[in-house]
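Dropping the structures in below, format is structure tokens.
Below are two complexes that have chain A in common, paired first with chain B and then with chain C.
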Partner chain A sequence: MAVSVDDAVSAGPVRDHTPPARRFGGRGRAVLEVALLTVLAVVMLFPVLWMVETSIKENRDVYAIPAKFFDFKVTVDHFKDVFVSSSGGRSGLSVSFLNSVVVAGVSTVLATVLGVPAAWAYSRFALKAKKDQLFFILSTRFMPPVVVVIPIFLMYRQVGLIDTQLGLILIYTAFNVPFTIWMMKGFVDEVPAEYEDAAMLDGYTRLQAFWKFTLPLLVPGIAATAVFALIFSWNEFVFAIFLTSSDDVRTAPPAIAGLIGGTTVDWGLVAASSVVFAVPVLVFAYLVRRHLVAGVTLGAVRR
Partner chain B sequence: MSDPVAPPAPGRSRRVSDRWLAVGFISPAMLLLLSMSVFPLLWALYLSFTDYSATRGGPARWIGFGNYTAVLTSSQVHQRALTTLIYVVGAVALQTVLGFTIAYLISRRTHGRGLLTTLFLVPMMLSPVVVGLFWRFMLDAQFGVVNSMLGSLGLGQVEWLTQRRTALLSLVVVDTWQWTPFIMLIALAGLTAVPKYLYEAASIDRASEWFRFRTITLPLVWPLLLIAVLFRAIEAFRLFDLVYILTSGGPGVSTETLSFHVYKVAFLGFNTGTASAYGILMVLVVIILTQLYLRYLNKLKED
Partner chain C sequence: MAGIEVTALHKRYPDGTVAVDHVDLSIGDGELFVMLGPSGCGKTTTLRAIAGLERQTTGDIRIGDTLVNDLPPAERDIAMVFQFYALYPHLRTRDNLAFPLRAEGLPKSEVHKRVEEAARLMRLGPLMDRRPRRLSGGEQQRVALARALVRRPRAFLMDEPLTNLDAELRADMRTEIKHLQGQLGTTMVYVTHDQVEAMSLGHRIAILNKGRVEQIGTPLEVYDRPASLFCAEFIGSPPMNLIEVEVVDGKLHSKGGLVLTPPPGLPRDRSLVAGVRPEALEVTEPGAEGSVPARVVSAEGLGDEVIYVVDHGGQRDVRVRMPPTVRFATDASVGLRHSGGTPAVYDVHTEDLVA
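== the complex of A and B ==
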């Protein structure tokens, strides 16, 4: 069972209550702990709040010295700038957001289609050097992107994949397949193989048994895995910046990073586009919160 | 081939078809990984023995281990290795201490644990691009909110990103901010998995709080925590995007990590051969770290 945020909610306290007559005094100590936790929470969340605040501040207040925390004028101009260009048409940023949707979406579908059957096969069959194969698969995911991108760049230049969405989709798929296999293997392991055996005694082939009986049970797991793959591709920056350059191919991360290229930086716009970029991720992450431990360790840790 | 989940008396044809099914399900994913991960790395390995340059073109001339000796004896590389070491050790140590502390404090609360955990996890889900850009804004020497707060506390202004020492410190701080939730999440999974009866037994024995922490909590959480730490170390070693956005390696070369230096050699210096050798050496380090990680992971799974 994966330990999840939800489990953490429902489970009781880990420790029993300290008897009141303890050295520290249980109450004073609890207050101290809550205070410390609050301070830490404020420190961790302040940058996020500041980002949201900056995105709705008027430019004058964005650059105010000292910084304005509460008494600023609210505006949605920055958000308008994210989607509409100054000349009235669609902005470059909105095009890059669409590109991100396409690239992340298609690569996630491909990684799922390739990864789920492989995960099932690794879970069900005794294969030669299975452990080594699985470890090999995971270690491809740990390669430093800056190193991998050098030969990929040369390879793409040979076959004309530089600055194409297909090129990005392929590399993101390759980057998500190891994760999908590891994550899905955990889910497949949880479905008893006996279901398939029973189906096969009824005359189904192994393939039919997988398709008709196991796969429907895997749907929630597939959904969670796909959401993580989507988040990884959506947030990816290194391959995007080296393998694409033109505005109509570029995904959102390099486009947002490009906003600080000039001599003056419109931080309100940076904040607004960051918010637009981050909100879908946070929503998706919230949806898969039960599987976060497995997800962020690339499917390696499950408890 | 022995199939642990096959029905009691499987026919020969079924065994054969299982085998083909496994091959058919695994090979598409494997082919993708071989062509997008292994083949590029092998190409880089070949290039690392040549003087190939991506811009000059022309045939690659074989120069043996020349690139490797050049990289390994370069004082520039040594300096980058030191910077990377300081950054990796500093950031991972800080986030481990902070993440574990937060997890421990959360695990002792009865109410609001789910909400607290969710809130603390937000930084981890953001793209490094968003994180880097936003901290760059907050750490700005003139209108950054950090200096503004220091000012209202009566403290001096700090040029966070434009001075050698503080720039590396800023990098460590930002990485810690983003990845403390990761350690927290894993530590919390470990802490909630500690059986309650152990604490009850210790409490009957009137064991002190510190004794219980040292003899029950820490030994049971440690294996999982170690995995999280190793995972973070690998990620920190590979890190590129945050450096690129936050400091671009500056001021001077004070925040240039190995990843960033490889990028400069490959894409600004166009010494593709040298960069490949450099990259292969980094891959070796990652492979060693990954092996360590997988070994601990394996041990954890067997227990």
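== the complex of A and C ==
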């Protein structure tokens, strides 16, 4: 099924059509703003640009002094190195990428499978102390996850989840479920309960009514929510580095970080693997860009 | 088809709101029964309890001979039309209509037959292949009605189905619903807060207030003898005039001197209010025979009639319905005359009809 995530956003937030220049006064001000923003963009984007450039430079040009901006030899060797080891088999990095796909994918699916029905229940049913429960769920996101790294580490050691993919999947799911519940509750609230009422009168059970009528209408919202969860799990670094150590379990973020630190650093490889790592996030972020903007500007995911 | 019996219905929501305090209804087989009342009086809650979408706190609901208290909505065999049409947005009209039938597992040919029949009844021909988004409000509501009737349920429940339509369309749909109900002969419970709708549709009307039934009766009964002050003020536009009266020498006397014939069996020792419909009064030339002095406060010409608001014995809101041929200026001194039969009389304190 083709799903446009943006369908989930109604006409979009009210746009302010007043040009900035008129809002703040003088033309000079507008020029200044553009100049400052340009500087900011350059500062922010230069490392990204440099990363991409480094990933396609030949090694000699990578280490050239003075640095070569334009007239370097282009190669895809670094990208080959990301996936294929020097001996010809699969590289350690490619295993890490695969681990990342598994861990992020499974934890996202789990969070969605658990969170969506929960959000539906919170939206539809009169539950005891519903507000308090929802607040409690939200409160688990108040602290930075790093705070609980040590306790989690100790607990995981007790139950043998250290250095396992399952351990990472569980912790990522735990972080994503509250988020999924909150974001999805907003989407469910917008689907009139009458659809389910009508379906129940038509002869379906409550669960069938949810499954057949509400769920299809929630698909864009689920897609958006899942992408957020996926991005979180994909990018997660702290838990990954604390809870896993062996090469065949580690996800990509700690694996890439591990490339730096020897006596010589293969910057070409670091850059290439970073590019490979960043592409999925960029693609997904592009898909949910409107939700991202809403999240940033309103400080809330969505009304 | 079946009648509906509601006995001592009480519904308290988990947050403590008592939406329905005590409701008894006895709806006959094939009856078009209207529940009328102001916003928040518990109409929707009662209807949803009948549908099984809400579980009553106490009380019994019977559909036909079956006690349905513990039956899920699906097993009650009723169809409901909502104020918000609740058509499945991802389905075309045709499939929206077919859905309840497919849920029942009817064979394809039967589904097709019934869908076509409902479409013909509601004249949906050109709309069959559109999705709800591309239908106007009135069209959506017609589809919603058609969807309710394809199943041939034992009863229809309608929750303010016309509220979202504009006035003209509302009148058309009202006629259509009434006609349809008569044709099918299916029991229908129709909820509205619009008294015109209630009067024109209902075989009988139940007037609800604060989760209780104030009166049940035919439109005429409800109009002629409202059972309480609440009903008297709720039914009729403009509503009944409530005039304070005293019993002197076997007649009802208002402060302004109007004398009314009392209904039989009137208690003597209570503060009483007479309910007089605007059309039971007349504005006359001052000093006309049988009239008492009054003064015109304002006049609202409505084209086919004029509503005079007159000051009568200090009561400044006595409304009189007059034909448009009669003209009196604002502030003019006029006469006021009672031309109707015996009025309904209410006790000021209990607010109930006393005679």
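General remarks:
What we mean here is this: the second predicted complex is superposed on the first by the 252 of 303 C-alpha atoms of A that agree within 3 Å, B and C clash if a C-alpha of one lies under 4 Å from a C-alpha of the other, contacts with A are read in each partner's own complex, and residues count from 1 in each chain.
The rule is simple: contacts are C-beta pairs under 8 Å (C-beta built on N, C-alpha and C of every residue); 3 or more make two chains touch, one makes a residue touch a chain.
All figures in this text were calculated on a predicted structure; none of them were measured in a lab.
After overlaying the two complexes on the shared chain, residue contacts for A:Thr205 are found with chain B and with chain C alike.
After overlaying the two complexes on the shared chain, residue contacts for A:Ala126 are found with chain B and with chain C alike.
Of the two partner chains, chain C is the only one touched by A:Pro216; chain B is not. Between chain B and chain C, B touches the greater number of residues of chain A. In the superposed model, A:Tyr195 makes contact with chain C only, not with chain B. Across the superposed pair, chain B and chain C both touch chain A at residues 126, 194, 197, 200-201, 205. The touching residues of chain A, when paired with chain B in their complex, are 3, 5-9, 11-16, 18, 33-34, 36-37, 40-41, 44-45, 47-48, 50-51, 54, 62-67, 114-115, 117-118, 120-122, 124-127, 131, 135, 137-140, 142-148, 150-155, 157, 170-171, 173-174, 177-178, 181, 193-194, 196-197, 200-201, 205-207, 231, 234-235, 237-238, 241-242, 253-254, 256-257, 259-260, 265, 267, 270-271, 274, 277-278, 281-282, 285-286, 289, 292-293, 296-297, 300-301, 303. The part of chain A that touches chain C in the complex is made up of residues 126, 128, 192, 194-195, 197-205, 213, 216-217. The touching residues of chain B, counted against chain A in their complex, run 1-7, 14, 17-19, 21-22, 25-26, 28-30, 32-33, 35-41, 43-44, 47, 54, 98, 101-102, 105-110, 113-114, 116-130, 132-138, 142-143, 145, 148-149, 151-152, 177, 180-182, 185-186, 188-189, 191-194, 196, 199-200, 203, 209, 224, 227-228, 231, 234, 237-238, 240-241, 244-245, 259-260, 262-263, 266-267, 272, 275-276, 279-280, 282-283, 286-287, 289-290, 294, 297-298, 300.
Of all the residues in chain C, the ones that touch chain A in their complex are 13-15, 48, 51-53, 72-74, 76, 78-80, 82, 84, 86, 88-90, 99-100, 103-104, 151.
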